[in-house]
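Below are structures written as structure tokens.
In the two complexes below, chain A is the common chain; its partner is chain B in one and chain C in the other.
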Partner chain A sequence: MTTETIYNAVGEAIRIEAGRILSDGTVTAVVGYAAARRNGSAQPVVITKPDDAARLIFSAACVNNLAVYLTKAKKELPREGRIGIVVKGCDLKALVGLLGESQLKREELYIIGVPCAGVLGSTLQPSVELDAESIADKCRECDDRMPQGSDFVPLVELPEQPALDKKYAAEIARLEALTPAERWAYWQQQFSKCIKCYACRQVCPFCFCEQCLCDRNKPQMVEGTPRPAGNTAWHIVRAMHLAGRCAGCAECERVCPMDIPLNLLNRKMARELKELFQSEAGFEVREKGPLATFSETDDESFIK
Partner chain B sequence: MQKQIASENFAALLQALIDAGTRVVGPKRVAGTLLYEPLTAPDELVLDELPRRSVKEAFFPVCEDLLTYEKQGQEVQVQDVDPARFPDTVLVGVRPCDAAAIPVLDAVFSWDYKDQFFLERRARTTIVGLACTTADDACFCTAVGLAPDEPRGADLLLTPLVGGGYLAESHSEKGEALLQTHADLFSEPGIDQPLGLAEPQTTPFDLKKIKAWLDEHFEDQAWDGIATRCVGCGACAFVCPACHCFDIVDEGTEKSGKRRKFWDACGFWKFTHHASGHNPRDFQPKRYRNRIMHKFKYYDDKFGQTLCTGCGRCVRLCPVGIDIAGVLEEIEKKAND
Partner chain C sequence: MQHTKQKHAFEPKIIAFVCTWCTYAGADLAGTSRMQYPANVRVVKFPCTGRIDPVFILKAFQQGADGVLVSGCHPGDCHYMAGNFHARRRFAAFRKLLEFIGVDLKRLQFSWVSAAEAGKWVEVVTELTERVRALGPMQEFKALALEEQWSGKLDTAELQEAYEAI
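The block that comes next holds the complex of A and B.
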């Protein structure tokens, strides 16, 4: 079976399940994906009527991490009753993190997990076929194709995961081999493109602060203008704030209109956390992350 | 005036301009991303892809200094930036959807306040446009009254020819001057036919009808359905050739610093956040409604023009797939009902 056939079956199962849980009152709304105007395109949608369940789809263009709609400024969603949400494995890791950080309650969610063989890396041209070229970099090293602990998972069999080069690992290795001056030059050039549109922040499930530090101007904590100093500060602040929390949905990188490889920063931080504290985000619900916990076994060799 | 220029002569033209000290700006790859950037050599020019950001930044940069201040004791020294320092510039490879936005912006930047920063750059810049021979399904210039060979905004418009090279037609004195100064590189139009233009991707919108609906539907449930998914970033406004909102901020210390002007976006919650804490656009659909109203009603009310050229950048780059052409289709349908 092709991925497209499998995803069509997944879409059908989602439609039936969403219709059922909306009709019997299990949930008040379902956050999922619907087809949009452009050929092959998909967009997030919130449905509240059983009849609208027919609009739901799943395809390789269903790239969004919908967990963002359950946090922070998304006050537009109904807040009474349980909410159904369609998640891929990577999105589920964000939900797990948000549960740990007391942003969500498990009993208020109805999780529809998607068996996922990968999504597109970019939806500039959503009609592109999913293949070894167009697949998202995060999917090349995915270890979570079947979301665990969901309330509903469509019964389909995924084809065996093809062995694809791990692009993040390779790129991190390349950057680590550079001298600090070369590495600085690389990031300075990347950050010089930043226009401070904050798409990275707005799609991030973990950027749920009511008011971002970087939006403050009295006093100004980080230069708000899109200039080299403020851009660098912004991306470093964000990487540090996500360390130990980001589970790698890579939405920040996908949505960046300037193609800044933001997930490289997050993957590098994740690797540091794993090496230093044997901690990986997104696998278990826990209240405190490694950077918010003291343990006697912590490495203290840096104290001289 | 209509002339023809061979590909190698076009490269020679760019080289001649660069050698003469003119700032030549065109689509060039920067850290993997295509942007309008100053060229140091003709072969840096990339013409088969629409740059990620529009050409508006040649007149209205992402961020620019307005003045510098320095305090010594009780004395404050303020140094203005002199707009006369802007260099003479030739913009090349500018697609019709980008070029057409510039005269639209002239209206607002020379209205009640003459924005010297915009207007000085405008006076010193020649725009060489390039007609489109391909389009994707996010392109909709023809739906908002433009065309793949729309000359609006271009001083000189190049149209690719079947055998290579371009047909060059001047549409202003600046364009004429460029043709005359470099007359040796141009020839009389020959028998070569222009390449077929990009096919329209959508049926034209009835912008009058859409505006009439907007006139009456500031309050309408439709806005919730359209924009609940909007996450409130500024990507659409920042890649748009026509969006022109900006903020001004003083950055530095109490001793010295700079006043800066930089792009702002109506999608941000902060955009209308009052000092009192009140926010009249307290809900994302209200912010998205402003985007549509400004483009298709307010700007028309004020200047008789539409603030959208159908470049499709916001359609391709919206993180959550909001498709302004789809929104217009939906509004037109409501207007017909």
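The block that comes next holds the complex of A and C.
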């Protein structure tokens, strides 16, 4: 079976389930994907009527992490009742993170988990077939293709995960082998591209602060202008605030109009925190993330 | 006893973020005990190391610090029970991030100095100052901050002309 037939079966199962939970009143809305105007493309959609469930689809072009619609982009959601949401493995990890941070309540969600064989790296040509070339970088090293702890998972069999070269792991290893000055030059070159559009912040499910530290100007901790000092500070602060929380959905990197490898910083921090504190984003709700708690036996070899 | 000050070509600026309960008192004790330590260090007092946000360290580097010291109570001695435990984790992670970005970690020092350890304070500050002195000025963040103000060349013909026209 090709990925396309599997995804079509997944889409069919989502349509039936969404129709069922909307008509029997389990949920007041379902956040999912619908076909967009270009052939093969998909866009996020919120449906509230059982009849609209027929609009839902799932395909390799369903790249968005819909978890963001449950936090700051929730304006279109009804205020009452449970919300159904379609999630891939990485999106579910973001949802689980939000549950752990008390941003959402599990009983207010109806999670439709999608067995995912990967999505496209770029939606410029949304109808292109999913293969080793077109697959997103995050999916090349994905360990969580089957979402766990969902309320509903379509019954499909995923094909064996092909062994693809891990781009993030390779790039992190390459950078780690450089000297600090070379790494500084590399990141300065990347950060200098930043135009401070804050698309990375806007799309991140974990950037839910009412007022971002980086928007404050009394005192101003991070310069708001798209200039070198502010850019560098913004990207360091962003990586630091996501350390131990980031679910690895790589939405920040996907939406970046200047192609800054943002997920590289996130992956590096996730790896370091796993090594230091044995804590990583997963399907189990963590009461506290690695930087929100402590152990008396933490490593302090770097402290005099 | 006359203290003779050695002349150096480069005097580094060291910013010390310290907690008020232990290290600040320790530094105070060093002062009242008339212990000598480099005047390069600028002490900024915080209620607790747990209050010290990594962004303060960035800001210090941007504003011209050549080295940063973060110091507080020994684990278990925190006035607020667990502030320094949280800080320990946060800075362990932040160090890794800075290292990946390409900052020389020799310029960043963390330490536990209690209110009674005036000697240790002198030792930590002296060691960091001498280490940073050997490394020379921290250029990376300063250059960024300068560029933030003005990214053009300072010696262009247009600027010179404008200057002469004043």
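Quick note on the criterion: the second predicted complex is superposed on the first by the 301 of 304 C-alpha atoms of A that agree within 3 Å, B and C clash if a C-alpha of one lies under 4 Å from a C-alpha of the other, contacts with A are read in each partner's own complex, and residues count from 1 in each chain.
Everything below uses one rule, namely that a contact is a pair of C-beta atoms (placed from the backbone, for glycine too) under 8 Å apart; a residue touches a chain by one contact, two chains touch by 3 or more.
All values derive from a computational prediction rather than experimental measurement.
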item: Contacts of A:257 with chain B and chain C, given as first, second, both or neither; value: first
item: Which superposed partner A:303 touches (first chain B, second chain C, both, neither); value: second
item: Chain B versus chain C as contact partner of A:269, first or second or both or neither; value: second
item: Partner chain in contact with A:227 - chain B first, chain C second, else both or neither; value: both
item: Which superposed partner A:285 touches (first chain B, second chain C, both, neither); value: neither
item: First, second, both or neither for A:37, with chain B first and chain C second; value: first
item: Common interface residues of chain A - those touching chain B in one complex and chain C in the other; value: 223, 225, 227
item: Touching residues on chain A, where the partner in the complex is chain B; value: 36-39, 41-46, 64, 68-69, 73-77, 123-125, 127, 189-190, 192-193, 195-199, 201-203, 215, 217, 220, 223-227, 251, 254-255, 257-259
item: Contacting residues of chain C [partner chain A, same complex]; value: 53-56, 58-59, 62, 75-76, 82, 85-86, 88-104, 109-112, 124, 140-141, 143-145, 147-148, 151
item: Partner chain A, residues of chain B touching it in the complex; value: 30-33, 35, 52-53, 62-63, 136-138, 224, 228-229, 231-235, 237-239, 249, 251, 260, 262-263, 265, 268-270, 283-285, 315-317, 319-323, 325-326, 329
item: Residues of chain A touching chain C in the complex; value: 175-176, 180-188, 213, 221-223, 225, 227-230, 232-233, 236-237, 239-240, 243-244, 265, 268-269, 272-273, 276-277, 290-296, 298-300, 302-304
